[in-house]
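One structure follows; several queries about it will come next.
For clarity, chains are labelled A, B, C and D in written order, and residue numbers in each chain start from 1.
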Amino acid sequence: MSIPAEAGLYTQAVDDDKLTVSIGPQHPGAGHFRFTITVEGDTIVDAVPDPGYVHRGAEKQTEYRNYLQSIPMLERSSLTDVTNIIMPYSMAAEELMGIEIPPRAKYLRMIMSENQRILSHLYWMAIQGIFLGHSTSFMWPMGDREMFIDLGQILGGARVTYSFAIPGGVRNDLPEEFKGRAIKTFNHFERRLVDYERIFYNNPLFLKRTQGVGVLPRKEAISLGVVGQTLRASNVKSDVRIDEPYNFYKEMDFEVPSFDTCDTWARCMVHLIEMRQSMKIMRQCLDKMPSGPVRAKLSPQQRTIVGEAYTRIEAARGAMSFHIISDGSTKPYRVKISVPSMRNLIALPRLLIGSHVADMPAIYWSLDYWPVEADK
Amino acid sequence: MAAITNFEDFAKRILKIVFWLLIILPMVILPLFYIFYVLPIEISCNFNVLNCSQKIDWSLALYMFDPTKMNPLDPTSYISQLGLGATSPLFKVSTFPGLTFAALLSSMVIWYERKLLAKMQYRVGPLYAGRIEGILQSFADLFKLLFKEIVIPAKADALFFISVPFALMAASGALLAVIPISPTNYIALSPYSLLIAIAILGFFPIITVLAGWASSNKFSFIGGIRALYQMISYEIPLIISVLSVVILAGGSLDLMGIVNAQSKIWFIIPALLAAIVFYLTAMAEVERIPFDIPEADSELVAGWLTEYTSMVFGVINLAIYIKLYALSSLFTLLFLGGWQGPAPIPALAWFLIKTLIVMTIFIIPRGFNPRVRLDQLIGLGWLWLIGLSFANVFIAVILRASGLL
Amino acid sequence: MSAPPAKTELRQEEKAILEALSSKLGSRITVAYSKPNRIKIIVSPIDLIEVATCARDDLHFDQCANVTGTDFPKDKQIEVTYHLGSIEGAGLRRIILAIACRVPSATPELPSLIEVYPSVNYHEREQAEMLGLVFKGHPNLSRFLLPEDWNDIPPMLKAYRLPGRLEGE
Amino acid sequence: MTNIISGTFKAFVAGVRQLPKRRMTMRYPDAQIDLKGYYTYDPKLGVAKAGYKGRHILWLDKCTGCQLCSIACENISQAIEMVKVNRAQPNNKKSIFPQVDYAKCVFCGLCVDACPFYALGMTQDFNLVSTTKKALVYPPEKLAIPPNVTRTKVEFKIEPDDAFHD
């Protein structure tokens, strides 16, 4: 039976050897995201990602709000990484408004940003654990996340969405009890990370499941434009904090991990090492922080110059950049968010094709893909 | 099922639940009766096993009644022994060493597992049901599941789909029938009880494939096929590992005999390799993490269990836990000397303590291990476990031939 | 406090890029602005692939970080900006080179850069559906983020108003 | 091979070592964490004082009915509406006060930052659950009542080896 092409319908030949399985959006392994895989035996021969289930038009909505009012809305795109998604936005807005924020505010932003990085990585680690069937590795990071959520709560006044790094600086100064609590938390968590290594990262079954799985060679990683942990695991020592230092990262002493195995294991290890480095940065920030104001006076209806700004920072998942075009009014003319999740998504079909079905969740989550962030 | 708005609906729903309960009970018990009463009479043949110069008399292969008092060709001699007392076969099958006991134990083991894992995982686990640390959580779950709607997918093969929980329950229950739990507490005695237990284990892959296929769901199907792969490739090392125990026990296929043969030394010492192989393969048989590949929840939703809801799902889970209990007791009987132990503690208590320890060892890997991959699992099975179990067979033969044991 | 950021001099790398661009392509490019770490050039759609190839092969900008499409209804044009980044180029990691080209709103067609930069794949797909652009040579410009039943003009065009929002609000 | 055995054993030990430790879980409906301090904004300094951003508190005598909080909320969640209250107050001629709809509020606290008269703050009260949507609309009189926590208060303690609620 042939169907005329004008009807908009098409037929597809059915291959009995292949099975097309839709993973998501109700699948526990995919969240608000769907991809269809075609399997032949235990091998994936085709993978087609299909994002967009949580597209809310954040870019369009910013055009209706002034620079301050977009903050709570933009935060909700990336709930584990709220400070890092609004920080480049605030930086771009400040560039367009022509103001410089006080140094103490920059330090506070760094503290919040690194705290968010740990929160995001712990969340990542939890899901990676459950994707590999390791339920303890789900519960432990989720429990220890509470300590860092509490740190964020002391500083930002909320548990998830702080609206902290607004254009002009930060909302409030550091409370007194923060430092003692933070040092306690770091001391405790550094010990916990050793436990994590024992139970998860050095577990032979974990090594078996991740080593040599989903290899993305250095050259391909660069040409595909992946960012963050995916790039660093592919033997590229690239981090916006080093490449184009913003805030005071130039003065901080920390190292950027990279591995030459380019596989899922390397991506997991990068996350682990980055959590240690984040705590190191936060300790330094707390010691070096100067006193002074934390917020530049700024009217909510602050006008901007005509022009454009492109800012980028190293968010928890990789380089996050904002391109804001302004026509001089109180509202941005065009905001384009280039999120790390979307940039890493391009590696997903490349890594899935040719791998085992059982490796699919491990590879998928090792890219640290956050559907809400990618869909904006 | 629609929401309850009036008494009529309520009565209908209760009737439906009672109906399903009535179906479940005979579907579990009838196969048991069929296997253990009818089959032994019909099949009657002789052949050699392991060249042990034993003649198998299948009419005596498995008996729950006193063989001296009954005539195999006269059904009335069975009926005359039926009763409801604590020594009657019906009570044995349904209550004490049988299904109810195993189900209660399993439900407590479910609670114990959840609590243990919670403690390992930095949580508190079940807390509210039953006042004391959520000890009645399993029963709360049971009642919740009972009041859920049974959903049969539109394109599923309804007959096979719904027969899976009964088949699983029957197979798990049949496994219990041949396992004695103390010298006096047993359902059926047989000179070949180990052989029968292994034969029953062979049913499970078929049932899981049936479940996967009948669900008419891609995830279920992949899960069913994975279960088939896993169980078939792990059955061979399982059988070979048991073989060394049989050799050590002097060719006895009777679990009672095997336990009695361990009065001097527990077989876990001469047959350590076999014990490890049995432990790993049994873990794969009951699909526990790290071998829960057929129901890998991150990639296959719930594997072959995906489409099952309500008490149907509950029955499947209960059957799996009964299977876990049966395999743990097999481990105790084969390697840990069964009910043997110092006097003040009774034999039954020894057996239960040992079984609970074995179950804990079965449960604990879930707390610190991720899932392995199918190809790794099958590679492990065919490359290592078969080799190890054969090595232990040779050790057993040498020990036996040199007269050390 | 709200002093304007201090004017910093362009460093050697930026100057080298500007020189290389002007020597290679001459009058075909216009430099829109050059700030520290940021350079934007404007090219015509016909030259886009050539300029991008030049940026990749001669200037070592080896990946595309972002594609922005902006609607300018007053000029009846749509501007597409490719933000190129570099990993391998020495000292270039901090620099973002933006290549912009403007196409008329009536016929928003421009060549796709997917042959030059594989990383533009999803960025171009997203901008194509958000602004109704047609990237010639792109293998798959099907629906990406918008719902399957989207039946309106592309949403990032200025002519599209969010439902429930009044004009000028 | 030794790697596999030692790695598995270490993982096992790391898991079992958790068994006797104190739990991090807080039994919320019975107990709740003790949060201190309100989130308030100082318009003279242009900076806020850190505190938990829970439900609002309105100091009625300071409110002038200028609607700045409502305007600040306009494009964020439109949760604040100015309502008339029967209350004679010299600095509030129109006698209108903010009313917050907690079904809409996102707890960003930007309304507090917008108030130039020290009239609005945010309290540590996060127990806002209700069975009706109507009960989530807090009129000015209700906003003026300081929160009162009756549950057992617990504290989160972090020790080098242990982190638990007590």
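To be clear about the criterion, contacts are C-beta pairs under 8 Å (C-beta built on N, C-alpha and C of every residue); 3 or more make two chains touch, one makes a residue touch a chain.
Keep in mind the model is a prediction, meaning the values are calculated, not measured.
Undergrad: When you check each chain against chain B and chain C, which touch both of them?
TA: A
Undergrad: Between B-D and A-C, name the chain pair that shares the greater number of C-beta pairs in contact.
TA: A-C
Undergrad: When the centre of a chain is set as the mean of its C-alpha atoms, what distance in Å lies between chain B and chain D?
TA: 52
Undergrad: If you average the Cα atoms of chain A and of chain D to get two centres, how far apart are those centres in Å?
TA: Inter-chain centre distance comes to 26 Å.
Undergrad: Find the geometric centre of each of chain C and chain D from their Cα atoms only, then give the gap between the two centres in Å, rounded to an integer.
TA: Here chain C and chain D have centroids separated by 42 Å.
Undergrad: Return the residues of chain C touching two or more other chains; collapse runs of consecutive numbers into ranges.
TA: none
Undergrad: Could you check chain D for residues that touch two or more other chains and list them?
TA: Residues 8, 11, 14-15, 24.
Undergrad: Any chance you could list the residues of chain B touching two or more other chains?
TA: 120-123, 367-369
Undergrad: When you draw the chains as points and link the ones that touch, which shape shows up: line, ring, star, complete, or other?
TA: Its topology fits none of the listed shapes; call it other.
Undergrad: What chain pairs are in touch here?
TA: According to the stated criterion, the contacting chain pairs are A-B, A-C, A-D, B-D.
Undergrad: Quick check on the complex: what are the chain D residues that touch chain A?
TA: Within the complex, chain D touches chain A at residues 3-4, 7-8, 10-11, 13-15, 17, 24, 39, 45-53, 72, 74-77, 106-110, 113-114, 122, 156, 158-163.
Undergrad: Can you list the chain A residues touching chain B in their complex?
TA: Going through chain A, the ones touching chain B are 19, 21, 27-29, 39, 42, 129-140, 143, 199-200, 203, 205-206, 208-209, 356-361.
Undergrad: Once bound in the complex, which stretches of chain B touch chain A?
TA: 117, 120-123, 218-219, 222, 289-290, 292-293, 296-299, 301, 366-376
Undergrad: For the complex, give me every residue of chain D touching chain B.
TA: Touch list, chain D to chain B: 8, 11-12, 14-16, 18-19, 21, 23-25, 27.
Undergrad: Write out the stretch or stretches of chain C touching chain A in their complex.
TA: Going through chain C, the ones touching chain A are 1-5, 33, 37-38, 40, 62-66, 68, 70-71, 81, 83, 85, 87-88, 93-94, 96, 98, 117-119, 121-123, 126, 130, 143-147, 155-156, 160, 162, 165, 169.
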